[in-house]
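Each chain gets a letter, A, B, C, D, E and F, in the order it is written, and its residues are counted from 1.
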Amino acid sequence: MFYHVKDLQFNARVSAPNPRFATLLLEQFGGPNGELKACMQYFIQAFAARKPYPDKYDLLMDIATEEISHLEIVGATIQMLLNGITGELKEVEEKSQIMELLGKQDKMDDLIHTALINPQFLVLSGGGPRLTDSQGVPWQGSYVNANSDLTVDLRSNIAAESRAKIVYENLMQFTDDPLLKETLGFLMTREIAHMEMFEAALANIQPNMPPAIRQGDPRFTNLYFNLSNGKKSYRGLWNEGLSINLKEEWQYIDDPVKYVKETKGLTKTEIKGTDRTKDSNKKIEKKLSNTRSKEIKNATNKVPMQWSESSYS
Amino acid sequence: MFYHVKDLQFNARVSAPNPRFATLLLEQFGGPNGELKACMQYFIQAFAARKPYPDKYDLLMDIATEEISHLEIVGATIQMLLNGITGELKEVEEKSQIMELLGKQDKMDDLIHTALINPQFLVLSGGGPRLTDSQGVPWQGSYVNANSDLTVDLRSNIAAESRAKIVYENLMQFTDDPLLKETLGFLMTREIAHMEMFEAALANIQPNMPPAIRQGDPRFTNLYFNLSNGKKSYRGLWNEGLSINLKEEWQYIDDPVKYVKETKGLTKTEIKGTDRTKDSNKKIEKKLSNTRSKEIKNATNKVPMQWSESSYS
Amino acid sequence: MFYHVKDLQFNARVSAPNPRFATLLLEQFGGPNGELKACMQYFIQAFAARKPYPDKYDLLMDIATEEISHLEIVGATIQMLLNGITGELKEVEEKSQIMELLGKQDKMDDLIHTALINPQFLVLSGGGPRLTDSQGVPWQGSYVNANSDLTVDLRSNIAAESRAKIVYENLMQFTDDPLLKETLGFLMTREIAHMEMFEAALANIQPNMPPAIRQGDPRFTNLYFNLSNGKKSYRGLWNEGLSINLKEEWQYIDDPVKYVKETKGLTKTEIKGTDRTKDSNKKIEKKLSNTRSKEIKNATNKVPMQWSESSYS
Amino acid sequence: MFYHVKDLQFNARVSAPNPRFATLLLEQFGGPNGELKACMQYFIQAFAARKPYPDKYDLLMDIATEEISHLEIVGATIQMLLNGITGELKEVEEKSQIMELLGKQDKMDDLIHTALINPQFLVLSGGGPRLTDSQGVPWQGSYVNANSDLTVDLRSNIAAESRAKIVYENLMQFTDDPLLKETLGFLMTREIAHMEMFEAALANIQPNMPPAIRQGDPRFTNLYFNLSNGKKSYRGLWNEGLSINLKEEWQYIDDPVKYVKETKGLTKTEIKGTDRTKDSNKKIEKKLSNTRSKEIKNATNKVPMQWSESSYS
Amino acid sequence: MFYHVKDLQFNARVSAPNPRFATLLLEQFGGPNGELKACMQYFIQAFAARKPYPDKYDLLMDIATEEISHLEIVGATIQMLLNGITGELKEVEEKSQIMELLGKQDKMDDLIHTALINPQFLVLSGGGPRLTDSQGVPWQGSYVNANSDLTVDLRSNIAAESRAKIVYENLMQFTDDPLLKETLGFLMTREIAHMEMFEAALANIQPNMPPAIRQGDPRFTNLYFNLSNGKKSYRGLWNEGLSINLKEEWQYIDDPVKYVKETKGLTKTEIKGTDRTKDSNKKIEKKLSNTRSKEIKNATNKVPMQWSESSYS
Amino acid sequence: MFYHVKDLQFNARVSAPNPRFATLLLEQFGGPNGELKACMQYFIQAFAARKPYPDKYDLLMDIATEEISHLEIVGATIQMLLNGITGELKEVEEKSQIMELLGKQDKMDDLIHTALINPQFLVLSGGGPRLTDSQGVPWQGSYVNANSDLTVDLRSNIAAESRAKIVYENLMQFTDDPLLKETLGFLMTREIAHMEMFEAALANIQPNMPPAIRQGDPRFTNLYFNLSNGKKSYRGLWNEGLSINLKEEWQYIDDPVKYVKETKGLTKTEIKGTDRTKDSNKKIEKKLSNTRSKEIKNATNKVPMQWSESSYS
């Protein structure tokens, strides 16, 4: 259950209206890396975590709730940046105020650009935020990633926060309003804080690589296919020496066409550079299956089912 | 700023898992008339109302906050209806439990149907809700209507609630689980309660017909074009007698092709059946312009702007 | 079956090309509140109404047919506003006319802005309208609301017309071309006329509140949850006194967290402020079920089925 | 301007309800090759053709109008195939009729499958058609192709009709209802008739290959790059002998990697197998530019502009 | 299996950055007629052709592979046109370089327009291409047409290439950079070359009209309905004389309303102007069914199935 | 530039057709975590990396090229699983084979379920793959994340691979076909291999936390807001002790409402638990700005620009 307090989590202010920046800022209101995406992603992931992993559920809901509070901050900022439009639109006499403005230099520019760059602020939303990205594409449920496995979900969240962070960083390049910049700085910083939280939660689950249960076929985890050719093919940590997590030795396939032919479409590949075997895999999978499956089943297998804690007190 | 309490607003329970019904119920989670749509619609409308209409802002945010609490109820119910899937998916040994289940009659049916009817519950979301409608189409920002004018927005809300109401009514036809039915009944009832609230708020704004400021051209407000022909063309309150709000006499155009020709594409239409004139319109528009524009401008025209109330106390 | 006459319902004209306004006007061609949406919404609602409610079917098809005639007016206007582009694009000699234009002040501005603000008018549609909103987002079937119940559908239509009305009102703020303004005024006025028609049709169906059949649970129809807090929580027609339709006394829940706990997630709520009971509900539902179900079944239960009236004469 | 007659263009009938086939048939109601797509494509193409090419405009509007009449036929058929659902949904007593049906073998199956395969027929549309494809994806404006050039548009239409044709052909495989099959056969046949019409109209415009104005660079029009290799690379009319329209000799590049290197990224390619030159191209382009540009400009360059023919009589 | 060489198929160059043109060019990167659409369309059509029609498979994969190489050329060109943005965005000191630039005339203009017209280049993609059209609408799988029948698919391809051609033609109107123009000219020309290839392949399949198997009902293939009326209804190759492929005589229905009534919704239509009969149709369909079905079944009916040629050598 | 070899990278085989599994497998063909998404994400990220980071470019293109080869494997597998449908659809005689099949028990089931669960396999694609997810939603460009900064992009890739991995893991639960399972196992394993590669590449860039340039405001990086309350609020690595990367001490805000009020909307928050200051931040930002900006500008600032390496040899 949610509650709302009318004051914002952060005291968002702007020095003056700026419909152009409002357009840019829509990116974090209804865009693919914006606050609604973050909120919904953690909120939805939380359902599967609720019973078996109450600590991670708490983390996810703490952050989801902060993100919708940030959505409110972004929306409020957009509304302030658009200040003036709604009132102007209500002046409909013969020679409208807006048309007069169009004849004057200063505000005209802002209005024309707003009208044409983001026409919907004027003709559709009438001066309020819309649930779209900065180019008018509506927010979509497909922005949300939730796979009911924390070793996957937390990685999705780390990546999502890192994208949200760089978008705020980019946005900060386009304003000199110190009040606005302070709000953007706060929001950008919180993405970093959330990254730290999600990384800690992921580290707290062991093993987490590979994510989920199944282990990789030892014939294929350490092959590197050199499929893009030119003057030089580069070598680096990612295709020579040992791999970072599994500590297997990279097998660099210099001529993949030839290799695929010789191995009959890789089916004749032999295990190299690793101690893992089909059997060692199976052992790990069995153990992991038991643990994770049990954690989940123990926490969820009662009927009738009730979501809330038993007593409501 | 939002807060969250882990217990639900309504004590949602289900008697047994039922992945089929979970699929149907997605309609109110991520569908066009679902709880997220309602929440986002009122939340976004509220930005423009905040300063000039604090009472309507309060109403919108009270209901928006209830709707996200309902979104949580629906998600929790779906999670309970899918109970068992997440745990089962973690059993990955050679002959998987799920495949064994496929050989047994009872659960098999549920699983096959879930897998095939809503494949993403199994292969993508892994047993949790997704932000889609009941057929897998992702939720979209374009479901939200917000036009920064309460005489329009409140009508959008009345219609939205009435659609949400009938979807719950339809859903109730497909279950006999008394616990589930109780939750659906609660959610359906709240849509009716919200309709009452929005209708009261609309009645509280006068005049509200036509919505917004501009008045209709008196030549065209009471014409009825008989454009669909057959054995019988029906007459009713909507094309004979006086119109409901403007109290103008309906002019029934029996043969629109002929009428359009004779009036040179309607440009030679004369005012009939109404006392309104171009002048009387202008008078109303002027008055309304002044009032509404002033209400908005008075409340928003300060710089620098701050969203929160001044003292945070 | 449809027919077409090449002259428009309204004699649409423009004084001069204006690609910027053409961009804005797309909002009513392929936008969420535009003419195609209106046409398709009433057209699709009409299928379910055809047999049981021939008078409402007639109304819906009369208006649907008018709306597609309006779509034609809007498209024709956009085409005239873009006048010149298609011909210019066909000049492809070495130093193209368009590039020369870019060196001249007057038309240049229009073209640059068109090219960049709505690039698709130039590179994709080549100077004709597209089925998108003013920002290039394609029209979508999800804009259409149709629920096979007139007490719901007519409310959807009233709201849709009120949104279409305000968009035309906003558009009128951005032009001084008297010919264009006359067309916009006609189109805006017809939205008002349609609102009157739909409201009359809704009033003609009794009872219509709540919409559809099921009655609200008397424990929950008149609760108001004060979920958004700040310096002041407002009271009004929507949370004190009697509700507008059901005439129940509003129960204002000042502290919903506490109330939810005390009522065990609302399950222990008692009926207050209303005479309705579970039994009185059931009585109404039974009666309504019988009436509405019978109306529909009587009109549709013959096999083989034929859509057209029997004689085609 | 459009008109409507309540009887269908074709006397659509069905022998019995069949919600499963209704689901399949949605493909031609709101799918990418369905009747709305066809109607909108020709309708929108017609705007640019109106003034300069009145004969092609007439053709496009004749067919567009037939297609919306076909949309009506498809919708009516879906409504008849869903017969029974809307009435059943209105029976909401304690033990609902639908749930009772679920206990009976015959109708149950249909209902379950309908509910689960196309849940929105039951819980959202309440037994009427929706503007989606057969899997529930909403119709989109991006299905429509219109490029303001008839040598392109008519090709888009030929292809569109050929896809619509095969979808009806496939649909006919899934029913034995002779009445339904008759309607499908009519609709499929009309796609063939329209293909014939569009091909004739394309042949009527000369030259039409390449489409539009610019001619292909003679160095690159007849190169064939053998970019997919295996046991055998096939030769055929498309890479040996003369090309069909331009009558140039195909140059088969057996080893494109080598060829690209040798020609410095094709910039050193020399003209082979054709008489066309940069100069001959320019001559054609100049002539075509003049003709087509003049046709368009002559027909559109008057201000103020009016769409309808001058007299409305 | 695919391989990549780092140098482009065509030596794409640009004379100077030009973020405005980069925006326009997105149309061919992630737009409905762009290179990804072409690549994916042929690639996906190829799956069904692989076994029964290895020559057409080869053709489709040769062109699909060229198209993804063109996608790379377009992306590389956009990246070069955006040159400078990524580096600038990394300068985040107090008074940012970008904001300074905004104070200088020359680059400012470009940046402002880029920022506002395509905000995502700056705040989201950070100076790289995105998979959207020129207005920011994401690329969609629904752009792809593939119906597992070459008589349909090849027509879809001819139309697709003709649209891609005109978009490049239009784009060439908006630049004078000779290097950029050379690349656009190459890409435009290849669309013409591909049209030639697909037309040859279609001609190679006989009969191909109507596409697929079923023949048109002889009562309806040659009817022309005059559904759009005005001062004049035009006659032409498409509604008088013989049809182009079937050589049937067009039957012009001057008054379709009357005709539909008289023929009882066309069901009483009689065959005119053609020698085809229901029987002659059936004969053709039987023969075609046998041939096409056998071609496909012979090539695919082995189990277990393997995709690659047997030996990988 | 790309090349294609007709044999697959992995020798994909299936034991028997299985249209149900084909439906599930679509998730990795045209779904949000499928092979096209992976391919396009790395391909598009590579454009910005090409010049300044040739080693990372090489890595991205090696993997992008492998992913499109995997897309081919998935498509080929779906085509084999649908084996039989295309041929069957070509049998169109009076009493069709498909309808006869519907009267027979064994294959009927498969066909009905295919037809109804994924109707488009039968009526639209005619037995081939489509670019949609397993529920028919078209693939979208918005699935792709590319932000022109490798510290962000590589994190997006790690997350993307981890989601792709779990979807293959889930898919493996629904088949016992050993040939099919072998292919799925290969594809799943490669996602793990790619994760290893991307993690190594990320580790190779230092510093990478926070991603991009700007440092977090030291007042806000280590605050944890306890926004979700219930019986228990959990503590863990993510809200007590030191944060993982920045090694700052978590500040747990137990009562955020109170805290926000006291700090005047956080603006009066003081730095605690960290040594970082506004000044130390600025120093790091300056250094990072210089390095990263220079890396990029040095590699890209030449005009005219050419993409390919200079000599094509």
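The criterion applied here is as follows: a contact is a pair of C-beta atoms (placed from the backbone, for glycine too) under 8 Å apart; a residue touches a chain by one contact, two chains touch by 3 or more.
What you see is a predicted model, and the numbers here were worked out from it, not measured in a lab.
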Intersection of contact partners for subunit A and subunit C: B, E
Recurring contact interface, reference A-C, options B-F, E-F or D-E [over half identical by residue number]: B-F
Approximate Å spacing (C-alpha centroids) for the pair subunit B, subunit C: 12
Gap in Å, rounded to a whole number, between the CA centres of subunit E and subunit B: 37
CA centroid of subunit A to CA centroid of subunit B, Å: 27
In subunit F, residues with contacts to at least two other chains: 1-9, 11-12, 32, 61-62, 64-65, 69, 88-89, 92, 117, 124, 126, 132, 135-138, 140, 142, 147, 149, 166-167, 169, 172, 213-214, 227-228, 230-231, 256-257, 260-261, 264-265, 308-309, 312
Pairwise chain contacts under the document criterion: A-B, A-C, A-E, A-F, B-C, B-D, B-F, C-D, C-E, D-E, D-F, E-F
Contact footprint of subunit E on subunit A as seen in their complex: 20, 23-24, 27, 31-33, 113, 117, 133-137, 166-167, 169-176, 227-231, 256-257, 260-261, 264-265
Interface residues, subunit C side, partner subunit B - complex: 5, 7-12, 32, 54-55, 58-59, 61-62, 64-66, 69, 137, 140, 142-143, 145, 147, 149, 151-152, 155-156, 158-160, 162-163, 165-167, 169, 172, 182, 185-186, 188-190, 192-193, 195-201, 203-204, 209-214, 216-217, 219-228, 230-234, 236-239, 243-246, 256-257, 260-261, 264-267, 309
Residues of subunit B defined as touching subunit A within the complex: 1-9, 11-17, 30, 36, 40, 43-45, 47-48, 50, 61-62, 64-65, 68-69, 72-73, 75-80, 83-84, 86-94, 124-132, 138-142, 144, 146-149, 179, 213-214, 282, 285-286, 288-289, 292-293, 296-297, 300-301, 303-309, 312
Subunit B residues within the subunit F interface of the complex: 1-7, 88-89, 92, 95-96, 98-99, 115-120, 122-124, 126, 132, 135-138, 308, 312-313
